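Reading through the structure tokens given below for one structure.
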Amino acid sequence: MISALTNSRPQNMFAAFPSYFAPTNSLDAVRLLEQFNERAVILAGGTLTMPEINLGSSGREAVISLDRLGLDQIIIDDRTVRLGAMVRLVELASARALIPLHKAVASIGGPAIRNMATVGGNICARHPYGDLATLLLALDAQLTFSTTRGTEVVDLAAFYAAEDRPRRGRLILSVQFQLPASQEIVFRKLGRRCVNTPSIVTVAARVTRNSAGVVDRACVALGGVGDNPVRSYAAEEALTGKNLDDENIESAAQKAATGIAPLTDSYASAWYRSRVIPIQVRRALSELQAVAA
Amino acid sequence: MAIKRGQGIAAVNYPTGMNLGGDPTQALIHCTPTGSFIISLSSVDLGQGIKTVGAQIAAESLGVPVDLVRVDLGDTDTGPHCMGTFASRLTHRAGNAIIMAAREARNVMLEVAAEELEVAPEDLETDGVGNVRVMGAPQRSISVMDVALAAHFKQGRTISGRGIYMKPKSTPDPETGEMDPDSGHAHACTVAEVEVDTETGVVRVTRLVSSYEVGRAINPAMVQQQIFGGAFMGMAHALYETTAPYYPDPENAPKDWSEYILPGWGELVDMDSIILQRPLESGPCGAKGVGEMTANSPIAAIVNAVSDAIGVRITSVPITPEKVLRALDEVAER
Amino acid sequence: MKGTMSSQIERLAIELNGEERFLLANPLNSLAHTLRDQFGCRSVKIGCEQGGCGTCAVLLNNRLVLSCLVPMARADGARVQTVEGLSKGNQLDPIQESFIRCYAAQCGFCTSGMIMSAKALLDSNLQPTREDVVVGMSGNICRCTGYLPIVDAVLEAAKGRTELVPESAEPGKGSCALEKSIKVLDLQIPGSTGEPENFKEVGKSVPRRDLRGHVTGRTAFVEDAVVPGLRYMKIVRSPHHHARILRVDLSEATRVPGLIKAITHQDVPNNFYTILRLIGVEPNDEPVLADDRVLYRGEPIVAIVGESPQAAAEAARQVKIDFEPLEPVFDVEEALKPEAPRVARQGVNHFIYEGHHCRRVRFGNVAEGFAAADMIIEQRYDTSPIEHAALEMTGCIAKPEPDGRVTVYTNTQALFFSLDNTALILGVPPNRLHFVGGTVGGGFGGKVDVIVEPLATLAAILIDQPVKYFFSREEEMQVSSTRAGERFYFKDGVLRDGRIIARQVRHYMDAGAYARHTPYAATKAAAHLPGPYAIPNVYLDCHCVYTNHTPTSAFRGFGVTWGDFAIESQMDLIANRLGLDPWHVRLSNAYRDGDIKAHRKRVSDAALVEVIQAAARIAGKELEPAFSEMTSFKR
């Protein structure tokens, strides 16, 4: 029998493996998260948690599995899409209604990783992961949390901007967004490899234009440049109310990195990222430009 | 956005054997009662294939089909001393030791056969398909299996052999560096073609052409395996991988397969290659060592191709996209 | 199994390769370890435990997964397929046969994972394009083959499932892409009879002996050795590049349940690596376990033996060490300055070659050569350290035998070398040790440092139980030896027609914190420079320098690979500066039979001219007659 909820510390604090919990409802899950806080780690897809457990030196006391919470639903109602936190990336790839997400999903890992990794994991993962999250950020997605005080809805942008992450006792249940038309979005990832590569710079953008071809709304998100994906408000401002032409695209591209201090890691330096952000933004927006409004 | 193309070449050689010699390898061969041969080595197969190549060399020297020969390796109790698998030495050293052991075993085998066939051993030859026969009178023959049975149970002989190959150790002169470092050199030339995206600095290798002179290709398919594998590792060295991306600064050292940048399936380049043979006098059947060389010529060829493409020499590897952009910036400034 | 696992043990059920199986497992133990250890599925390999390499790939409910990332709780009730389930008796799956036919494996360590990925692809896509194969296989890494033969094997397997496999499709019969790539040409050497050798077995593409084992997952690597009662070693390592060790506190570590022993330098009979002593090179500068100071980040300080890997890791985490960080040095030329932090024990940051600060080659007179040259061309070249990244991690299992000997199953590249070094370090007669191995999942020079055997064997002797010590992938990446970063300063004196008449090279090899094999490599570099060219005046200084980087060591092309990069870059630079064709510059300078090399050995096996000409033919490069008619056999 899997030992369920307990208020005391697990008996063998330095046991070979942390204690394993698989709560069956989200209230139990958030109570466990509140109780253990940083001494626990969430097990979603396993792609980030299991390496820690395998090495055996994480110092965690508890692993909280989300397997039995029923978070694996894809619900599409008209154009509103709600993805459960435990939906695997492969299920997005095989959902015909979610074609606008397919390029982003295909850019993540290899087939086995896509079979295991989850939407929630991709949202919470730190750099260099989070390519789907970058697209969701450009789609103005919202997160629904379960907390000890009930459910909470938070804009993904606010989630990433908040300084107090991770927060105690809070679990992502689902992410929600309006499904865009394919011709409104673009996703472009620059890595060191063509296939199965971490990101150096990921650009995701959603640009809607009126019948005159003028941009009425632009949402531009950059991944790979910081701990989490960020919105490029400067690029958005440079596009809004303008035609999507070469000059405006170039202006938006040049401004895209404003206020963003990219990081240096083993893939690329901050210098390089700063250099290619405008290039990648320009190339992404040019892709959109080539599609009829 | 501009894509610039370039071509580069590199011509290299590679020494066979541990530098300065003094790296012996021994081999033992014995025959089972039913005519199979076991080569005992303490050598190591890293995937380069001594288990197969050693059997081929032994079979050739014994005069029997390779299916009758097995290589048993990797045990310091049962295998005689081997210095190890490195320095492109093993085919050469173990191969020569095997040949020496095989000759001894073969001589005994022919003596036993000679007694069975009532001829002199000098009148006998092996047909390479499992028999010993009289030269010029091939119908008078005896199978290797029957020779073995006769040796074990009738004549009381051991069809066995011992072999060793050692290049004597050379000591470099401390003043002039005069030395005898190797047992010969293999040669290689690679031509690489690349495309460079001048905005992102991304380099793509579009073609590789290579020629390799290997003395003797004991097993051509396995040499070809080294050619493909080596070229890919060479490309990785030239453009991607390092444990210190900002060397000599030690920071941002990769921790896992994700952070350690290697090219992948999307970076494959089709290759044209040719194998040349100039038998090495000291080599087993003329073979030179080839396992390390195949990674080397592609590296410099790719570097030269990138430099050709962008019109400025990059003198630091790996050539990352950043280095390409910085080099292009330098050209633009001039 | 008291103390080997946490209190949470569950009874689980899986369907494994068609059979229903029951097991007891901790819900967090990985499916990979469970398949290997409880069900003997040795095809599942441990290549990283991080989901990065694909060697543990299996099908879980018909989906491709990385079994190292699947906790047993998630595998409960699932249908699992491994390579073991593919073949039925002697009948191999078409994918397995295809891998054999197409030479799609060398060391074999990645092969099982490759085959499962191929199966997942082909089960859902009967006619994959090459692009489909690239995507479908993209989660698997191979370091040996360069992938091309594997792509071919998967495409051929797709055909094999839908068509009859042609009769001639056996290895060695020219059916696969690799075999079709083979072209062999005999060079015509003057004075030889010109008759081809009549070999029967040599020169044939005889099928590889080991492929059947590789594709069935049965090739036996070290970790497949069945040794009951294993204990596990984890190492406590320095987080600093350079520091004094003030205090080592084992008190918390010894309280961890499952800790068996904590080993420090005081327990090591002869606490020095003797790698080079066996080939006559001193000094012995590197401790097995650090005593009063550490010289690189990752240097081993305490060796922990535990009842399980997790217990050992937890105990290692509880070791408390007080350090006094010291100033490190990371640049080879900085390290040679008198004011540099001292890295080496004997007081200078470089190896001493018979009283000299470097290996020297002096041939002819470069000063005269430079004076007579039409142009002087100088350039510096820099390279970076490289990780071997073989799919199999370095490791061994040391097993005490009833007769007092110890059997060490190891993936070293050099069995006697490792045995002798281990015996010296432990102060035991060499014949007390029995080293067994010979089948290695990729080496590339990364398994010749005798790093794991001494400590594992010592621990096995001290506790009289078998001890397993394997590097984790993170240790391979961050701690294990690398290829050295090297720096070259070239100064060439050249004539207008492209001939090099003087070459001077100042060369630095970054040995990192300890010598290991680098003193040997600098000599090999000196033998390799100035390249395969006939140059009458040569002056070489090859330095082995100590810095606080990870110790560097043997790597495919040791002492040569980076030299070739520098030499061949320089040849192009010469061509550029003189406005000459780079092909012609090389041919003008290429050595021939009878030439004397800078280390005064006579050339007798040259073929540089011929490989250049052959490459030119394939690449469509037209050489001027003066160059296309050259030979190595005479000038």
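Letters A, B and C mark the chains as written, and numbering starts fresh at 1 in each.
Here, a contact is a pair of C-beta atoms (placed from the backbone, for glycine too) under 8 Å apart; a residue touches a chain by one contact, two chains touch by 3 or more.
The model shown is predicted, which means the values in this text are computed figures rather than measured ones.
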Looking at C-alpha means, what's the farthest chain from chain B?
-> A
Winner on C-beta contact pairs when A-C is weighed against B-C | B-C
Using CA atom means as chain centres, which chain is nearest the centre of all the protein shown?
-> C
Cα centroid separation between chain A and chain B, in whole Å?
-> 47
If you average the Cα atoms of chain A and of chain C to get two centres, how far apart are those centres in Å?
-> 36
Rounded to the nearest Å, the gap between Cα centres of chain B and chain C is 15
In chain C, residues with contacts to at least two other chains = 50, 134-135, 137-138, 474
So chain A residues touching two or more other chains come to 51, 195-196
Check: chain B positions touching at least 2 other chains come out as 245, 253-254, 256, 258-260, 264-266
Can you name the residues of chain A that touch chain C in the complex?
-> 1-3, 10-12, 14-20, 22, 43, 45-47, 50-51, 53-57, 59, 63, 65, 67, 90, 106, 109-113, 115-116, 195-196
Enumerate the contact residues on chain A facing chain B in the complex.
-> 51, 128, 190, 192-198, 264-269, 271-272, 275-276, 279-280, 283
Spell out the residues on chain B that touch chain A in their complex, using ranges where they run on.
-> 1, 199-202, 240, 245-246, 252-254, 256, 258-261, 263-267, 320-322, 325
Flag every residue of chain C that touches chain A in the complex, lowest number first.
-> 4-8, 10, 26-30, 49-51, 54, 57, 63-66, 68-71, 73-74, 117, 120-121, 134-140, 234, 256-258, 308-314, 316-318, 472, 474
